Amino acid sequence: MRHVYLDHQAATPLLPEAFEAMKPFFTEWFGNPSSLHEHGLRVREALKHSREQMAALIHAGSPDEIFFTSDGTESANLAIKGVAYANERRGKHLVVCATEHPSVINSVEFLEKQGWTCTRVGVDAEGHLRLQELRDAITPQTVLVAVHHVNHDIGTIQPVAEVGRICSEKGVPLYVDCEASAGWLPIDVDAWGAALVSFSPHRFYGPKGVGVLYRNKKARLVSIIHGGVQEGGRRAGTENVPAIVGAGVAAEVARRDLEARIAHTRELQVRLWDGLEKHVGFIKLNGPRPGPDRISTNLNISTEFIEGEGQLLLCDLNGIAVASGSSCVSKSLKISHVLAAIGLDHALAQGNIIMTLGRDTSVEDVDYVVQTFARIVEKLRGMSPMWDEFQRGIIDSVIRPTGRGKSFSQHAADVSGKSAH
Amino acid sequence: MRHVYLDHQAATPLLPEAFEAMKPFFTEWFGNPSSLHEHGLRVREALKHSREQMAALIHAGSPDEIFFTSDGTESANLAIKGVAYANERRGKHLVVCATEHPSVINSVEFLEKQGWTCTRVGVDAEGHLRLQELRDAITPQTVLVAVHHVNHDIGTIQPVAEVGRICSEKGVPLYVDCEASAGWLPIDVDAWGAALVSFSPHRFYGPKGVGVLYRNKKARLVSIIHGGVQEGGRRAGTENVPAIVGAGVAAEVARRDLEARIAHTRELQVRLWDGLEKHVGFIKLNGPRPGPDRISTNLNISTEFIEGEGQLLLCDLNGIAVASGSSCVSKSLKISHVLAAIGLDHALAQGNIIMTLGRDTSVEDVDYVVQTFARIVEKLRGMSPMWDEFQRGIIDSVIRPTGRGKSFSQHAADVSGKSAH
Amino acid sequence: MSETYTLYNSIVMDHFMHPRNMGDLKDADGVGEVGAAACGDIMKISLKIKDGKIEDARFKTFGCGSAIASSSMATELIKGRSIDEAMNFTNQEVVDALGGLPPVKIHCSVLAEEALKAALEDYIRKHPETASKLQTPMPAAA
Amino acid sequence: MSETYTLYNSIVMDHFMHPRNMGDLKDADGVGEVGAAACGDIMKISLKIKDGKIEDARFKTFGCGSAIASSSMATELIKGRSIDEAMNFTNQEVVDALGGLPPVKIHCSVLAEEALKAALEDYIRKHPETASKLQTPMPAAA
């Protein structure tokens, strides 16, 4: 059986060259960067080099603006809370996009419990932030605007440069979560006028266990993990040296291969979506069409009349690894707040699958997925009472309405006695 | 030149068997544990196994009581803030020992800025927590008592079981920072009645990038890094799978080798201190004598009339890696707050060196260190105006007072115009 | 696929991959369709009842793997039972027969119980004469 | 030791490992001993002065590597200078000659300057006749 990994948004294999670079730091150069002797100083050099590699990837002015954390989540927490706490006396208002990742949304909710207020700016049906709404949301008390570069769920590329212009006009620092874009799209912190940018190298073939936070020297930031004076006093705790070294290599390779990676995945993305659209009926692409508004790696699709987990399981049984709902929170089995924010019909949100391509995905992989997925959908529709009821005109399709029957949501509400949403 | 690594408190080399276990998780089993497909489920199993290994090391009742963080610092932050926030409505008072690690002390200081109050319980001249003072410090508003097992600086073993009895009598949860003891001393969370225990496998030959927090099911704890639902909702963020796997192996080996490690390092500790005491005059051991009150790996010594960094540098130039002051904060070059808390004379705090032994340290290593250190001290005293002035009766020794001359501190104050402390 | 790393145990996976009694019954004597508001799953069970006994059962399910497995198992278990026995059927039987479900998925077995009860109620509604013979009082409509 | 990984640059390391002018001068014409309250370092400089010129200089230092290197370098730089020139000596000369110091260690070079000035003041105190000839006014005592 063919094995096709289409969950690059959740994890990527470590680059062999990154692993090679990491190896000596486990058993040989194992020192603590805080130590003042040879063992410490050697690894301190290695951290410095990685900082330079990170700075280059995002066009940061100086490696001193790069801080290492443990992952993208911690970087997001540090950006949000670290700026909020640092500016507590200036104001206690934040503005975020409604479709931020939970690491941003939940950090904000935590601050709200501590007396901050937050405005969540809505998105259109394709997930684009409403710029005017954002502009209007900023008040003299606003100390931070947070907008992600690419949506982790539906692949929408946000107008970050425009947001940056609004922020600099209003004099409010901008934080951009680049977890879903770093290594896959060009990032230029200066061109955007971003005060903070976060990302995590494990999303572009770096190791797990390290996150990055860029902070422009002018932006005020206090630490949220307290202790020693590591990372310029902004992140206490013994640095994960091997991972930081490997992450540096991954950043360098990503920078070198960026154009090729984009071209390769874009071609496959188009082929995959075209194939699915052709061979699976009643299927919808969530987020923008493949093109300048969508990252080249992500396809978020809704297949009508069947549910997502079954699709995921049958994919897995056929060697295909995919995600459903919001990849990072799929454990909770809740429908992603992103799909809710774009106003996706409940019937379609239920049948959600996310496929994310990578540098090793091939044309053959894509063709196998199209074929296999069409069979899977057929099988699941054969089991689904909704498909049957659609055939019999009892319920209607959302994707291609026939004008016959009631809506899925209405039907679901009728049989469950409660509203489905 | 012989190379002797005596900074095991700052870092240890990764066990080869731990590294072997980690390897496949970088490039082959690279999945995200949150993923519902094969790649995710495989690594989810691996996390579970490591949790069992951690639970066994500290005699935890269930692997579900083990949470993975990024390091000991984060674990300490989570223990302190996570309990404080969870019990906010019950009370806002904490009790900690004055000689806790900065990750505890600075977490507490952060909470103090947010309206909590904290009592710091003093220690005696050897660093033992004053039990009666601790008992008196607990009020009906106290929501947490934090006491470390072993002091990171001077190796004092605290009467944790007694503290546990006081805490259960008073009905207050106890958090024990075991960073400096885990893997080197037996830990029994149930016998202690500890609600929370933290440690970091990189201190006992595990990898960097992972910390552990044990939390008894009955203790209330909320998360401090917000985002996804990883780690039972108590620590969001993609898990550092390879490190967690390697840490499990390190815990298992530590448990197996514990007795042997203790016996080996104790023998070397005694030999090293005896040798230094014999060959270097005017030298003092800080903390308890080698024996039941001191961890077997640590020697914290003060050498009179010379300063610590020079000793450290000359050691390094002779292939010997040691620490000075508080190993984790030596970058700041400040005298450790632990040495201040035991009331160590400023003259002695200045000349502070910490040597920590490991499983690979040999008798020959120790003898080389004794010899070399004696030469280093001689060289530095030859350069020191204080040594000269002591010979001439202008200043006196703290360690072996002659009754002639003024104190070092007085002299330092006279020449600098300000008090030296 | 790996044999070892699956989301559910091997019984659940088997019922998901090879569902028993999947489909509709042409001349069903009772049909129940229920939905779970919490997760959005929908389950439909059709029964063939003769001489007070469940002769045949079929299901259709819109839902996750454990929902499909739960309805497959429920229809297997229920065949051959009397209406009275069927009225006392509980989701725990499904859970046990499946060798356990993850805690977050127990509601799938509850849905199977509800679909079965709804089908039985439908039958009783259509055959009021059977109601009086029941030992178990009819549950209030869901 | 590694050649590459040292706390200070190679000039500083060289002056730390092989300090120049270490010791005391038997018949010193001026001696200054100063301490840094911040870090606890203590530095002592002795001068031999003839015909208004610093003929020889020696140091003793209780302090970190950069303090030892700073005093070694300061004594090297100062030899042969006139009292007037020496009075204008600044710590920056030490920093530059050492090829730079970490920011947190700049105070070591300041201490060297202070020790030198203290020694000069001691000389002038003992030789009040020289004071009038000075172009640089004597700094206020530290």
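Each chain carries a letter (A, B, C and D) given by its place in the written order, and its residues are counted from 1.
Operating definition for what follows: a residue touches a chain if its C-beta (ideal position, glycine included) is under 8 Å from a C-beta of that chain, and two chains touch if they have at least 3 such contacts.
None of the values given here were measured: they were computed from a predicted structure.
Asker: Between chain A and chain B, what's the gap in Å when you average each chain's C-alpha atoms?
Answerer: 37
Asker: Just give me the whole-number Å value for how far the CA centre of chain C lies from that of chain D.
Answerer: 92
Asker: Chain A to chain C: how many Å between their CA centres?
Answerer: The mean C-alpha positions of chain A and chain C differ by 39 Å.
Asker: Chain B to chain C: how many Å between their CA centres?
Answerer: One centre to the other, that is 58 Å.
Asker: Two or more other chains touching the same residue: where does that happen in chain D?
Answerer: Residues 1, 6-7.
Asker: Residues touching two or more other chains, restricted to chain A: which are they?
Answerer: Where chain A meets two or more other chains at a single residue, that happens at 36, 38, 309, 313, 316.
Asker: Answer with line, ring, star, complete or other to describe the graph linking chains that touch.
Answerer: other
Asker: For this structure, give each pair of chains that are touching.
Answerer: A-B, A-C, A-D, B-C, B-D
Asker: Which positions of chain B touch chain D when the two form their complex?
Answerer: Going by the criterion above, the answer is residues 1, 305-310, 313, 316-319, 333, 335, 346, 350, 382-386, 388, 411-420.
Asker: Report the residues of chain C in contact with chain A in the complex, numbered from low to high.
Answerer: Within the complex, chain C touches chain A at residues 1, 6-7, 16-17, 19, 22, 24, 33-37, 39-44, 60-65, 67-68, 104, 142.
Asker: Can you name the residues of chain D that touch chain A in the complex?
Answerer: Of all residues in chain D, those touching chain A are 1-2, 4-7.
Asker: Touching chain C in the complex: which residues of chain B?
Answerer: 36, 38, 41-42, 45
Asker: For the complex, give me every residue of chain A touching chain B.
Answerer: Those residues of chain A that touch chain B are 5, 7, 10-14, 16, 19, 26-28, 30-32, 34-40, 69-74, 76-77, 101-103, 106-107, 109-110, 114, 200, 202, 207-211, 224-229, 236-243, 309, 312-313, 315-316, 321-324, 327-332.
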